[in-house]
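Worksheet for the structure shown next.
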Amino acid sequence: MKLTDTYFLTFAAMLFTIGAVGFLVRRNVLVMFMCVELMLNAVNVTFVAFSKSLNDISGQAIVFFVLVVAAAEVAVGLAIIVAIFRRRRGGATADDIDLLRG
Amino acid sequence: MSAIDANDLLNTIWIVPALPLLGAIVLLFGGRRIGDPRSGWIATGLLFAAFIWSVVMFAALLNLPEESRHNTVNLFTWLEAGALKVDLGFLADPLSIIWILLVTGVGSLIHLYAIGYMHTDPNFGRFFAYFNLFAASMLVLVLASSFLVTFLGWEGVGLCSYLLVGFWSERRRASTASVKAFVTNRVGDFGFMLAMFFIVGALGSLDYAAMSSKAAGMAQSTATAIALLLFLACIGKSAQIGLHIWLPDAMEGPTPVSALIHAATMVTAGVFLVCRAAPFFERSGDAMTVVAVFGAITALLAGTVALVQPDIKRVLAYSTISQLGYMFVAAGVGAYSAAVFFVLVHAFYKATLFLGAGTVIHGTDDEQDIRHLGGLRKYLPFTGVAFIIAWMSISGVPPLAGFWAKDAVLASAFYAGNYFVYAVGLSAVALTAMYMGRETLLVFFGNERFHPAVSAAGATASTTQVLETTAPEPLVAVVTEPQRAHEHDATASPTVDFGTDPSPEHLSGNPQEGTRVMIVPVLILATFAIFAGLLDLPFTKLEFLNAFLEPVFAGFYTPEPTSFVSALILDVVAVLVVGIGIWIAYKTYGKGLDSTKPDPITKRLGRLGRLFGNAWYYDKFVSAAVGGPIRKASQWLSDVFDLKVIDGAVNGVAHLVVVAARNMRRIQTGLVRQYAIGIVLGTVLLLLYALALVGG
Amino acid sequence: MSEVVIFFIMASIALCAALGVVLARNPVHSALLLVTVLISIAVLFIIQDAQLLAAVQVIVYAGAIVVLFLFVIMLLGVDEEESLAEPVTAQRPVAIVLGLVVLAEVLFLAGHQWATGAQQSRGSLQAGDGGNVERVARSLFTDFLWPFEVTAVLLVAAVIGSVVLARRSNKPTIDDEVETL
Amino acid sequence: MMSDLGFPILTALIATPIVGALAVLCTPSKRPEISRAVAILTAAATLGFALWLLAEFEAGVGGFQFVEEARWFDALGVGYIVGVDGFSIFMVVITALLFPIGMVASANIGRRVKEYMFWFLLLEGAIMGIFLSLDLIAFFVFWEAMLVPMYFLISGWGSAKRAYASMKFFIYTALGSAFLLAAIVALGFLHQADTGLLTFDYRVLAEWDGLAGGTEKWLFLGFMAAFAIKAPLFPFHTWLPDVHTEAPTAGSVVLAGVILKMGAYGFLRFSFELFPSASVYFAPLIMTMAVIGIVYGSIVAAMQRDAKRLIAFSSVAHMGFILLGIFSITVFGLDGAAFSMVSHPLTTGSLFLVIGMLYERRHTRDIDAFGGIWRSAPILTTLFMIAMFAGIGLPGFSGFIGEFLSILGAFIAHRWWGVVATIGVVLGAVYMLWMFQRVFTGVPNEENAKVKDVNLREIAVVAPLLLISLFIGIHPSPVLDRIEPTARRVINNFEQKTDYGQPDADRVPSPSEIAEEKEKIEQYDTEGPSSPHEDVPK
Amino acid sequence: MNLAAQTPSIDWLAIAPVIALVIAALVIILLRSIVRHARWVYGASIGIGFAGLVAAALFLTCQWSEVSDSGPFLTLDDMVAIDGFAVFIGVIVLIAASLALLLSSKYLARQGIESRPEYVALLLLSAAGMLVMSTANDLIVVFVALETLSIPLYVMAAYDRRRARSLEAGMKYFVLGAFASAIFLYGIALVYGGTGTTSLSGIADFLASVTLLSEGTLIAGIMLLLVGLGFKIAAVPFHMWTPDVYDGSPTPVTAFMASATKAVGFAALIRILFTGLDLYRDDWRPAIWALAVLTLVVGSVVAIAQTDMKRMLAYSSISHAGYVLIGVEAGTREGLQSALVYLLVYAFMTVGSFAIVAVIGRRDDKHLIEDYRGLGRDRPVLASLLALFLLAQAGIPPTGGFIAKLGIFAAAADAHSYSLLIIGVVASVVGAVFYLRVILVMFAGADEESDIPAADHSRVDGPTTAVLALCAAFTIWFGVLPTIVLEFATKAQLIF
């Protein structure tokens, strides 16, 4: 049994799906962020797998950008959450943030 | 005077209608300032001047050789579009000349009469403006050189009829009657317009000249269509059966109006049109039969209704309808000159009757119910004499004018072989003698029922008020004001005044004879009613009118007496019938009326009386149809279909969008996870499309 | 063959841990399970010839990002167990169904032949001098110089933004609503 | 052929009101009389230009005159092209006539006079643009731009339900215009695909003959959507009563007088020459709807209790006549329709003006609230009566000529439509006379007895319209002579581009035929009628 | 180790605008950290910001002449494409940024928002990211630029930290933005797998030279890219963040987001689709068609039900995205031009509208349409301007909005997209409903005495006046004399 890129890519797709579904079903904003991280990691796996099967280095280089972006996003996202918590103590539940609607 | 001079002279025929038109314009703008008697004199004077000029025209025409007695003068091009060119032109030929003489002559007399009759009316000036405008329109109608110009006059007289019937606009019945008159006429105009369209389609021109030259060669079916459509217009204008309902109501107008428009001139425009458009009728043949039969039936039915009417003017109105029927009988059997003859004679005696009736009404404080009058010849000697002469004339008592005219018509019908028409016409003759006898006897003979002493109840209300408040609502009122109609449920019957038992009114003082301006015209007209028969006696040498009209109807078949004996027999039969009619009337009404008892004739006729009195329930039927289903359907169209369906569809779509917007807005819950669902859903759909792409 | 074994082990661990991230009641547990996922993926990177990335994955992701998460969790004191009850009707089944459909669609679309692209468009994984680190670095500083520079801008923005937002304000809040938030 | 004044008169016609509007904007708000004066002067100047144009307009020429061309934005092939022909010249004149009259009639507008006059003048400019533009896009620009001032006029100075009415007006008519825009754009690009030239020049597109039948029909429907709603053709009329009821008097006058005509004008100008075979194809459909509109409008009008609503429905009926005439595709019909488009503004405008005067006096439009006005205001009544009779098509007034020719055209082309339309003539009298009866006759109640008669200004507002109506009713040639060459041009276009042939009765006879005809008549004149024919009745 | 030799050649002009903006931002930050509390820092930062913007604009001008003279070019190892298209989008971005900066200058102080100099810096950095995006010729650059422009926007949306609404807006924008980015990134990965490269021109070359037997990966990738970009341009069904974020954000930020972000979102979309996936035109056109239809319908319809001015404008901006999508769907040169023109005109119209909203806004940061009742009486000029912008958005001639829509419809007709043409024109009518409703409230409602307290009609500050004047002038000028802009757009072609 040869380890082809299909395994990795299928795995990545599954991971991506878990992340996406997790994003949809969790109400805790922090956990939602973590789910986004799962999705980004799935993308990373995809890039690396393609890099391998295409024998192309750029796939690996791209992962660096994803990492940086993920880090920046987390920083800003957590800052927003902190700002919200500053204003009002309580659970970090996304559903409670619904002043704006309609 | 040479022929060319005569033609030049005839080219000035436009002056005839221009004179009264000038009067109309002057009086319309300055009538109020010019004042009460003077406006009347101006109007009368101008029309009389037109009469003088008409006589000049007549003379000029006589100066032409017989076969070229027609002259067209085109003032300017009225309408030029596509292949159609219509000039505003006037055609002078024997037919139109006769008619303008009639209109200006009788018109002047009635104008004169109106000066007295309308005296002290606040809108005196306006009345004469309308009156003059009517004369002008009527003159345009008869002088027209094409159908379209005739139509101009045709509508013009309709307009004036509307204005004059509704002259006393504050009277609800008057305004309603005016609307009814105009609308009913318009129904006829429907036919006129369609006929014109057909003519343009078939001949490419509306000129009478084109008609004369081409009608004979056109398809018979087209000719029939045109003729019947034109006859529809005539039915409307001349109040023949079907569209007659406006004429009795039109009696709401001032009496001179009834005399001029609704007896002498306008209503005969239909007859004029049939004569003028004779080439079509002749080409069709079938159409002529229709005209004759229609006329005969009208003559008979209107006569039956006239028999039981209690209103002095309504009797005359139904009588007019009936007489118009005769005229169509004549035209329908091809006896055009007889028709024209009848028109003339009828104008004289019917104008006399109407003016006489006007004097009666005027002199008795607006009393119009013949059952409340009686014995008036004592108080109104001149009017009485004139009225009686006219009665004799209309009944066909020889040798008065009416006899000759009626005889000419009936004989023509007989000779034409149309025995049905002849028989119907003959029975109508009896009816005429009866109802006119009834009216004359009830008004001028017998006991005086108007006097307070005779009055049983001694009611105090004046007649006008009674008319205003308790009179049955006319047709159109039922349509426009159902709620008001319901207020008088008990009397919400159609226009026919019938059935209310005599309830004598109070009259202060004795009836007054009219002033001189009123008496003189009546007497002159009565004179004509006696002697007008001289115009066209049925003796070959004395058929002046027939001979004069000959060029117009040249080439058409004319019913001629087969022998002198047959003519004589017909005459005798007619006289006998007239005698019977008068005798019955005298037997019934000779002694007047017992005001506490119902009108004897209704009793005698029984069920028929009610049928006649309600004008064969035709008015009721029309009222019910227009006021009932038609009104309901219209209301439904307006309130349900337009507002709910059409507008509802528009607003409904708008509403749907708004509802959709509200619902879609609800999806926006403010929950960020649900927004993410939207994104994923979009992803799913896009990928699904991708699958379709790759798989397909 | 051993690669296959490693793959299946690591992939199973990663997927289970990922599920754990989603299902854990306590956010701290989620964060720790996230670390597990990241490390499993780092292992997978190694068998995919991405040694540098494996290291970076552990250092940056596990070491920095997740720590940041934990830090914030602790800072805000939201480390208690929370209810997993779903207040929004149908959110959960819809999410799961949609997620599975996306997965199925991607697998259907790409599954039978994932990589269809050109080989070695920006340089081979193996060829050339230096190891994986050097090759990736070369690519970053040559091929990807411009995005690399732009990430600098990105980071500056992120820093400024985080500072601005997280800074303690001395002004009172504005009660623009009945205090629901 | 082409007249040239050496002066851009058409541009002046469009620009004068717009410049005037800006000038009004600069007048002080607190001195409404200045705004009013500036506005009326501007409108009068525009009328002056229009009359000059009319005087210089060469009768007997079917093509466009005074054409001015300028590039506008080439990127989309759009130019500024203006010109007049027989169809548009009178619409321009009527527009120029109605606006000053409307302004003078708006003396009762007391608040925000400046804005009112500003919008009114802008409206005039836009409408001028509509009637003069020969570039489809420019036409559409004006067509759509017209909505805004009208919207503001209704919503700002209308009566109680003005918000609803103005919105309905805008949205409903804009919906139609949307399809027009789509069709215009599509047409332009189809032309480009065929010939390589991107242009919206009407004259070029009208020349072009490369549309497939199906496409042509779709495009026709696109144009029709706008024109049918604006005209309005049954069953797209429901915006009209609402808008008429709520609009200020002058707005109603302009609306009934000019804006409705824009729909009919659109058909005449654009649909016919751009899509001749589709026009022929759809003609029976549109004639049917027009005929239904005539009868339906009349019947529903009769049932109205609101005077302005009644006249609005009468406009539906009258526009039915116009559309009927147009789609008869005969010279008669086109003549009649174009003539009606001149005549109807005069009569309906007068009616609205008089009703407006009544409204000012009684503050109600409820017909049943009136009665007996004749006694208290005889001159007003007379004005109304004349307008009414002019409106119901009494011969002698302009309305008759238009209706007669329209129905004649329809009758010749499709007999039964003509017959039904003629019924509409009868019905027209019904509702107007009923209304007249209810409003003016009878004994006035206390309030109606206090109604003041018209003053000189009010007479001066209505009288010119009625006089013109009377004049062209008696002497329509000055109008018809200018319309007909254009009508012929359009008909010729039909005959060239399609296998349509106009009915015989409408074909102008050749000179030889005319001579023959004359001979026959002369023969009759000298010899009397031809010999009697065989089937003589017994 | 020989790294230096292989660095790609750099055309400094190509990236000079970005650098100008970044430098300006950095200077502001430096200034801010050195002089911490001086009052003038904010004023100075605005000045520096404008300097940066002007410099960037000058560089763009140079680029334009360069492109006109010697044609478009690629640089930085084909990562950056300088073409007319990029310059045009750059102009829109700079205009939007300048207008937003003008709007913000007094607004921030009025609302008592802290950290104002940083705000300017973030605005500039975001604009820099946008410029990168507009020139990006590589999916990775697109991604990085996307994040670079988004992260400052997330922060700016949440900038009024004392208001729950602002924070909520920032949070929602961020959470959904990150989610969409992840999907977008997955799309990049799949496209990379499908083609072996992330360079747009590389993809185009690859597709031109190879016939893919199995194109599933690529097409799945394309669709996921559409999701990510659809989110940025607020296409339905990826639009749901828009009303909430537009509503909650400080109004100048909303104006900036609505105008500039949309423009660059479309820039990236167009570049990816037109340059990279030109050969797959027939495949992506139906997808764009569906997005356009949904966007038009939902945007226009839902706006009708709105009671809040900002939310209404948000939905209207969604529907505007639909119109631009019509231009994109055409897939032609004309479609591209029309989209560009639309975006430019839209920027002015929408910034103008939001500028008035920023002035009229009540203290409690709500913007009910009812608050505008009687504006026509109290502030006729302001009301007239708002009416102008709204009518322009409704596409009523002779405003710029009409010409813009006309261009879009023309492109659709040219490409035979008749269905979109019809839907577009009908949607524009539906759209007119809600614009007119506001106008009606402002003017027709003026006479009635309403008991609703008049909104807090503060004085219009100078910069806002300038913004309003500019926007109004452009809206009318372009409506009447559109030639210059249209010709500019004609030349603004993509490099491929």
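Here are some notes:
Chains: A, B, C, D and E, in written order; residue numbering restarts at 1 for each.
In this section, a residue touches a chain if its C-beta (ideal position, glycine included) is under 8 Å from a C-beta of that chain, and two chains touch if they have at least 3 such contacts.
Not measured: the values here are computed from a predicted model.
Path length between chain B and chain D in the touching-chain graph (shortest route): 1. The minimum number of touch steps linking chain C to chain D comes to 2. Chain-level centrality, scored on Cα centres against the all-protein Cα centre, points to D. Using CA-based centroids throughout, the chain positioned farthest away from chain C is B. Contact count check for A-B and A-E (C-beta pairs in contact): higher for A-E. As a whole-number value, the distance joining the C-alpha centres of chain D and chain E reads 45 Å. Note: centroid distance chain A to chain C, computed from Cα atoms, is 4 Å.
The centroid of the Cα atoms in chain B and the matching centroid in chain C are 100 Å apart.
Separating the centre of chain B from that of chain E, both taken as means of CA atoms, is a distance of 78 Å.
Annotation for chain B: residues 665, 668, 670-674, 676-677, 680-681, 683, 687, 690, 694 touch two or more other chains.
Of all residues in chain D, those that touch two or more other chains are 171. Counting only residues that touch two or more partner chains, chain C has 88, 91, 94-95, 98-99, 102, 105-106, 108-111, 114-115, 117-122, 138, 143-144, 147, 151, 154, 157-158, 161, 163-165, 169, 173, 177, 180-181.
Taken together, the chains touch in the following pairs: A-B, A-C, A-E, B-C, B-D, B-E, C-E, D-E.
Residues 88, 91, 94-95, 98-99, 101-102, 105-106, 108-109 of chain C touch chain B in their complex.
Contacts from chain D toward chain B in the complex involve residues 168, 171-172, 235, 237-239, 296, 299-300, 302-304, 330-332, 335-336, 372, 374-375, 389, 394-396, 400-401, 404-405, 407-408, 411-412, 418-419, 422-423, 425-426, 429-430, 433-434, 436-438, 440-443, 474-477, 480-481, 484, 503, 505-509, 517, 520-521, 523-533, 535-538. Partner chain E is touched in their complex by these residues of chain B: 657-658, 660-662, 664-665, 667-668, 670, 672, 674-676, 678-679, 681-683, 685-687, 689-690, 693-694. In the complex of the two chains, the chain A residues touching chain B come out as 20, 23-25, 27, 32, 94-95, 97-102. Put simply, chain E touches chain B in their complex at residues 171-172, 175-176, 179-180, 183, 215-216, 219-220, 222-224, 226-227, 230-231, 236-241, 243-244, 283, 286-287, 290, 298, 301-306, 430, 433.
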